[in-house]
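These are the structures, in structure tokens.
Two complexes are shown next, each including subunit A; its partner changes from subunit B in the first to subunit C in the second.
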Partner chain A sequence: MSTQIPIIEQDKKVEKSGTIGRHTLRLDGESKVTGTVAYTDDLPFEGYYAEVIRSNIPHGEIISISTEAAEAIPGVVAVVTGDDLKNADWISPYVGPAFRDQPVLAIEKVRYVGEPVAAVIAERPDIASLAATEVVVECNKLRSVTDVNRARKKTAPILHESGDSAAVFEDLATVHRSEEPNVAYTYELKVGDIEKGFEDADVVLEGEYATPMVQHTHLEPFVTVASYNVSNNSFKIITGNQTPHFVRREIARIFDIPSSKVEVEVPQMGGAFGSRTYVRIEPLVAALSRVVEAPVKLRQTSSESFDTSVRDGTQTRVKTGVTNDGDVIAQEVEVIWDSGAYADISPRKVKKAGYTAPGAYDIPNVKVVSKSTYTNKPPGVAYRGFGVAQTAWAVESHMDDVAKEIGMDPVELRIRNITQDGGTYNGVPIEPHGAPQCLQAVIDEVDWFGSELKPEEPKRSHIKKGRGVAVTLKATITPSTSEAIVLLDCDGSVNVITGGTEVGQGIITTLAQITADGLGIGIEYINVNTPNTNSAPFNTSTTSSRSTFHLGNAILRAIDELKGQLIDIVVEKQGIESKEVTVEGGLVKSPLGEESIGSVVSSYFVGGGGTLIGKGYFSTEASSGDRYASAFWMTGATYAEVSVDTRTGKYTIDKWVNSADCGKAIDPIRCEGQILGAAVQALGHTMSEEMVFESGQQVNKSLLDYKVPAIGDVPKVSKVIVVESGDPNGPHGAKGVGESNTVTVPPAIGNAIQNACGARVTELPITPDKVLKAIEEGI
Partner chain B sequence: MMDNYIEATRHEIKFILNGEECVIEIPANLTLVELLRQELRLIGTTEGCGVGVCGCCTVLIDGKVVASCLELAVNVDGKVVLTIEGLADTYQDSEFHPLQDSFREYEGFQCGYCTPGMLMASKALLDQNRDPSDDDIREFLSENICRCTGYDSIIEAVKSAAKEMNA
Partner chain C sequence: MQPFKLFLPESFEEAIGLMKEHGAKPISGGTAVTTLIKEKIFQPTVMVNLRKLEKDHAFIVEEKGQIKIGALTTLRAIETSDIVRKNHPVVSDCLSKIASIRIRNVATIGGNLAHADPDLDLPPVLAGLDAHIDIIGEEGERSMDIKEFIQGYYETDLKEGELIKSISIPIIPDRKGIYLKHRALSEADWPCVGVAAFIDDSPGSVPRVFINSVADTPIMQVEGVEDAFSEGITTESIDKVGELAANQCEPIGDARGSVWYKRKMAGEFTIRALREITGVGDSLI
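On to the complex of A and B.
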């Protein structure tokens, strides 16, 4: 832990736009502060409007859906039900990235309250809304199950009898349905000899921890426009989606048309956080458009987002064997995921988050069992942190419980066991990741070992102060592919085309910075295109904080190729050796002189213009067996300081420090924004956010009742530390930074509360009633 | 009855929108955000939660902060409405309002969906308090949700704009 931690000097001034490591005004900034930016719903639209009719029971057989009254309303064009899709020869009506278990509209059965059962298409949105209330769905209620433990019993109602593997992704190629009732997929990891590890341990401690379902609450609801063109059997889909190429593939597959006949355009998105991954409402809107052979728009309400995609709840059991000296020598983690009614990407989540369930620690003997479980609830999908937020809540809380048990400082325990840069993890070598540096950064910032919190004065002795820390190690999606096209015009300006989507993270500007630097030109000459699958080359996803790393690398390769072409042109023109020619600062330089890159392009083509095209492909390699390789590792740490009122259980966060390793900050201010943004989102998961279900129905399905952090909830004393460990494979050493603190905030706060008053709250969110109960029960 | 519901009674309203008089006939059940976005194609005002909680659709009516998703459009008859599209024009002859510049400088936005509402609420704050403290800003912006930034950059941006406007 003696390594010098590179922490960047934060410079809030814009000095030289486009320069790597300097703050650059976002290219989409002007449009966003003037309100001229266009989200999907803002685009001009002529066509029909849809409204979805949803199941009001958690589990049932559909007996009948009566649509006549709705269809009789003037302005209603059609009412579509699962029956219309089930027997149609124009659609395979099941979708999903891992298993094709989710129908576009419920077919024969409904499996959760809020599941789309039918859709009304009308000339106006208000007519569609009214008509939707006239559709009557009659169901035969089935027994439902909303608890993951009950769901796995032999007597439990079964949600899915079978499920076809989607066979799209290599890392899910071996994913198969589990034999256990309602278990979609089980991942197991065994490292070393777990039994011997526990035998050799001086202390063995067990704990159980839980997280509820939560929702992304991106402020722009789901909006999709689909236009079916009957003349050539093609679709245009405009949608806020993080995976346009997957949407294209899935739409092409379900309608059995070539993917070139599916154009997916992604405008700016009003937040996503994983919610807009794979397919959401796109197949439904495409099907509706196919039925009426006209453009259809579906704009859901923000309440309907809770019906569409959520974060899995978890129940986690951790058992740890530790020596009296504080060496963690064995750890067993069992995570049961409440994945809702459809698997979506849960198998990958279960595997990937399962792999790092033992936290950021190098433990010689490990056993992980991680199970995705079907329940009669909305489907769990990707959410910032991709499962690690849930597993880390368990393991990082547990580490403090272990420290307490053996009488060791919890930070000392972490330092002793943390996996080192260039060390091993789960028994195999791990690439440099920066976890020790992130931990060191927060404990140095607060002088953890050299300071103590000052207790309250005696008359306020009911207020107890405490502090806590958490650290994380998280993988990124691997393998994956990103491609980029860099178009150099004869005036020296550049268009960058990728499938990277702008969800708010600033990827457009980050890619422009990388391009500007690569060609040595000003960022004002660069345009980064809005993704459209008709022109954009493949990109696996804008998820997993992968874009700077993967798209950045693809762009660097495209620029290299472009430079090679520029050199070839000059070599041929001047009859010199290619090694004598260089491209830098926007100029092609040779012993015979220098020429601007635009002018070289101009000289090469005739007819009033020309475009030189550089392309770059970047793919990462798959892992083998039960290991999960990662193209890079996300790491971060949080320190939290709390005051707990032991009479009420209410607590305040007096100070917090969040660090995350970005490898190299392409733009330090944007990295800070990702770190704090992730932390505050997790503050909501810590303090208030929970989808509350009663009899299978969510009862707080609105921002009125589902409380996300407001400005006054954020700790006033705050420090964000951008750690730059330099990723060996990242563009300029950069890697993703958007998720680490979504993981570390809840356990850091939980640990601080325990440190303050001895109360261990094991289930998120940490509400005052739970704190008070834990205090009273002396947990 | 059904037809009556769809075709609500129509009213002509006259109000000042971003400095210009606007006369329009609208159905009685139209909300202000629907009037702005659908009838007038002013898309800068976004609609988030639709229940008056998130603050995305914040506009100023006679200088006061209003959630336009809860306000019936007929209620702005005779009033002065300011939306994000009119914000820059309220400040001297500059192209942008200082808040717009400072939100860019400090990245007081990410996805931008809450930004028009956040900017309008911030303008209302600066209209009544030229030199707000951090706590003044927290209090005044408490009904504007941002899910991306973590808010600190918004506080910095508002303070910076105040400084610029007082210079």
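On to the complex of A and C.
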């Protein structure tokens, strides 16, 4: 390997380029690597500090909360309990994007260990922290349930008696609570005739697979500042959140004030991965600020993140009917989600991930049952991969089991059944998605059919080698809306204002590139905001890898509008036909000459300046009939090659290849970063990550014991392939690329381990302990 | 975190006086104690920071047939020391496997050993080298074998007001050792099991095996090795010692492995370590 680092030379050429398809230095890069970027907690703050008191039992009725001792501590301003909020006439204290089942502070009951029960507000963080230890919560313990199968029995303790539909989102407008005990929502899909499919199959195979709850482990913990302004009954909220417009709407609703009275500002975020979606700690901090009529800051620790939001665990049963030739003709998938104590976005998750539970395959007869289950654990929320990582762990492991059963190469089985670009999926036509190209890319890279792994020499026969593959198809949030405002100043520079948030994915730079290209100006003339809902137009969310596609399209429309205005000005000024005028390369060109866009603006306004405003709206359509809509499809594949030490169960990944389809790379290096970042995050889910519960208590609730991958765990031989299939609706053909490989990495590694030594571990994470046990038990 | 008063003494005497006066605990690198404070397991009101003692007590010297290491020496300094590498490469190798360079740059050997976490990597290695811990207190100085120094779960022989002053490792040119660290979850993690094995290059020398993470101390010495090897060192007798190790340990099951698995690994890595240092049987690493 060359010791030269070519990146500087290369970057010099492209610096400030903004050209579509070429690497552009991140506009926020320098501030991040030099540590000067300001996250929420770094912003200047004057006000009070809050500390949360949490439940230490998994399920119970609150009898009393003694606050006197805490209130007596000098510097303590107030102690707020669920009762205070329940009895207040200024707040509706329940929140949730699907069902309003989650209290801002526990009301009457606690439903998981770590649930916020009360909050102390004090002049200093250490006083708040000290006072929090003086708050005594007395509870009547109730029977608790932490297992999804026990939770659904008639005899199980019931977590929620009722739950109102929030009816905020179109796709969730009709969801209602299931009749089954502790089931928040059931999604069912039936395609073709499943029974007949199994009858016609030569081989029917069944398997069960599971994933544990895991946590997002974003490095920046949850921090929110809320300032209630008593004089006009308004709030300003500064928070690390991926959905500022939802926060605005939800805060406005619970306090019954107009949305325009809620200003939500989102600075840069230190990672999110779905954790900071909808509302987290914002309603609580707003309520605390309302109580003391002053600014309040709550900054949680990393350990408290485990109490706040997690990824659902799953138990999945897959039954597949296949012909001897390898045609998968029937598949039944039952996914039971461990969604914790509150539904949050689970109904959408079980629906969307349920729809793609049969993987990337075109199967004529399909049955899916997908159930979100309440348990006495922290709430399951959105997580990079949005449920598909859990269902694919089952189905992509199962595909290898099926291949083994009928004696077929697992990649051949996949190629034979994969849904084609422009083909059908779940019985209906599907838009182009790129799944076959992603699979092809990894098998070409490693010459799957033309090469074999070289076994270890006989002296080292305890090391077995194997290889495996997995592929995915995932939807994005649909319908949804993104809007953009492009402000062109008379000096020719541009401000881009959207509700898109920078979670570390690089959206600021991507949007600047699209704008620079659209107007034909240098990226150095462009500033992209981090959102403030007082000025930023609506954006559904920065989730589901939707930003480049949706915000990019909105910006292109805004630029079109802006260009139209520039042309109109020149047409009026020069008395010519508009078809004779074009805007390119930062210039407005007409037969009478050319003028820079800035000077066109300058000439139009008087009084020392002026701003031309272009705006663009972009919305996608909801599903109708049998047609399941996704604005675009995310696809990707992983190849993994492993060595398994059969005496210890420990495995190393000797080589891995990750591909994902980004439609068109606006910046190939950032696409690679997203693909590899997703893969490494999934490496944690594969090797080590698991929230371990004992009697409802998480016993590894800290980064000391909850292990995420370290740099030494990342495979040294790693190849990333950016597939560009060209999305018909994407800006320049681009679409989202941030999630596919969180889905494909675990099953690819699991399949490689099985290929190496025959051991099939069915439950993530694949620890050496489990591998050795599977080897010894001959599973 | 609750605020606490931090003293910065410049000598051991001053530090001991302050600890005694305030009933305070010492802090040096702080890599272990600050996590305990952040997790609210330990909530001090006063602490005595030994950082300024670095001036006189961060050193590695070769004297009187031993390597003497000042208590305030960082793990990284020991890892990269020529004196240590030349005489006991097993120590350098062991240190290179602890946490990350950032941690090793600040963690000190005194703090590391006084912490007495059963998962510590270094103690089984130092035990195999018959290292001594030099202790300073009000009453004066004393020295004891590391095997006696570490007494149990986070427990040492240090009395109230005593501090580790230095560590002395005898230079034994014909002693050969190896430390095998088995990590189950991540390369930057504590051991699932760590095995240190030593043998002297002299006729009739019997190997010794020390294991961490499988008992209430980081130094579980496998017993009965001499008997097992009475007929000579063969792959069969090495397997026998592996079995002894597996049977003698008392692990706690956790995310890094179940009791079943840790026992098995204590045996397996004992076999691997013994094969390496004796040259008997094929290498398994």
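Here, the second predicted complex is superposed on the first by the 760 of 779 C-alpha atoms of A that agree within 3 Å, B and C clash if a C-alpha of one lies under 4 Å from a C-alpha of the other, contacts with A are read in each partner's own complex, and residues count from 1 in each chain.
By our rule, contacts are C-beta pairs under 8 Å (C-beta built on N, C-alpha and C of every residue); 3 or more make two chains touch, one makes a residue touch a chain.
The structure displayed is predicted, hence computed values, not measured ones.
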Is A:G673 touching the first partner subunit B, the second partner subunit C, both, or neither of them? first
Contact-wise, after the overlay, does A:L772 reach subunit B, subunit C, both or neither (first, second, both, neither)? second
Just subunit B (first), just subunit C (second), both, or neither: which does A:D126 touch? both
Using the touch definition from the top, say if A:L704 reaches subunit B (first), subunit C (second), both or neither. both
Applying the document's definition of touch, where does A:S688 land relative to subunit B and subunit C: first, second, both, or neither? second
Figure out whether A:L219 sits in contact with subunit B (first) or subunit C (second), or with both, or with neither. first
Quick check for you: in the superposed arrangement, does A:V230 touch first (subunit B), second (subunit C), both or neither? neither
Just checking: does A:A173 make contact with subunit B only, subunit C only, both, or neither of them? Give me first, second, both or neither. neither
For A:V203, select first, second, both or neither according to whether it touches subunit B, subunit C, the two together, or no partner. neither
Can you list the residues of subunit A that touch subunit B in one structure and subunit C in the other? 126, 130, 301, 303, 702, 704, 708-712
Residue numbers of subunit A touching subunit C in their complex, please. 126, 129-130, 301, 303, 459-460, 462, 647-650, 687-688, 690, 692, 700, 702, 704-713, 765, 767-769, 772-773
Please give the residue numbers of subunit C that touch subunit A in the complex, ascending. 1-3, 35, 38-39, 100, 182, 184-189, 192, 254-255, 257-258, 260-261, 264-265, 268, 282, 284
Interface residues, subunit A side, partner subunit B - complex: 12, 14, 25-26, 28-39, 42, 73-75, 126-127, 130, 216-221, 268-273, 301-303, 503-506, 669-670, 672-673, 676-681, 702-704, 708-712, 714, 716, 718
Interfacial residue positions of subunit B with respect to subunit A in the complex: 2-3, 5-6, 42-46, 48-51, 53-54, 56, 83-85, 87-88, 96, 99-100, 103-107, 109-116, 119, 134, 137-139, 141-155
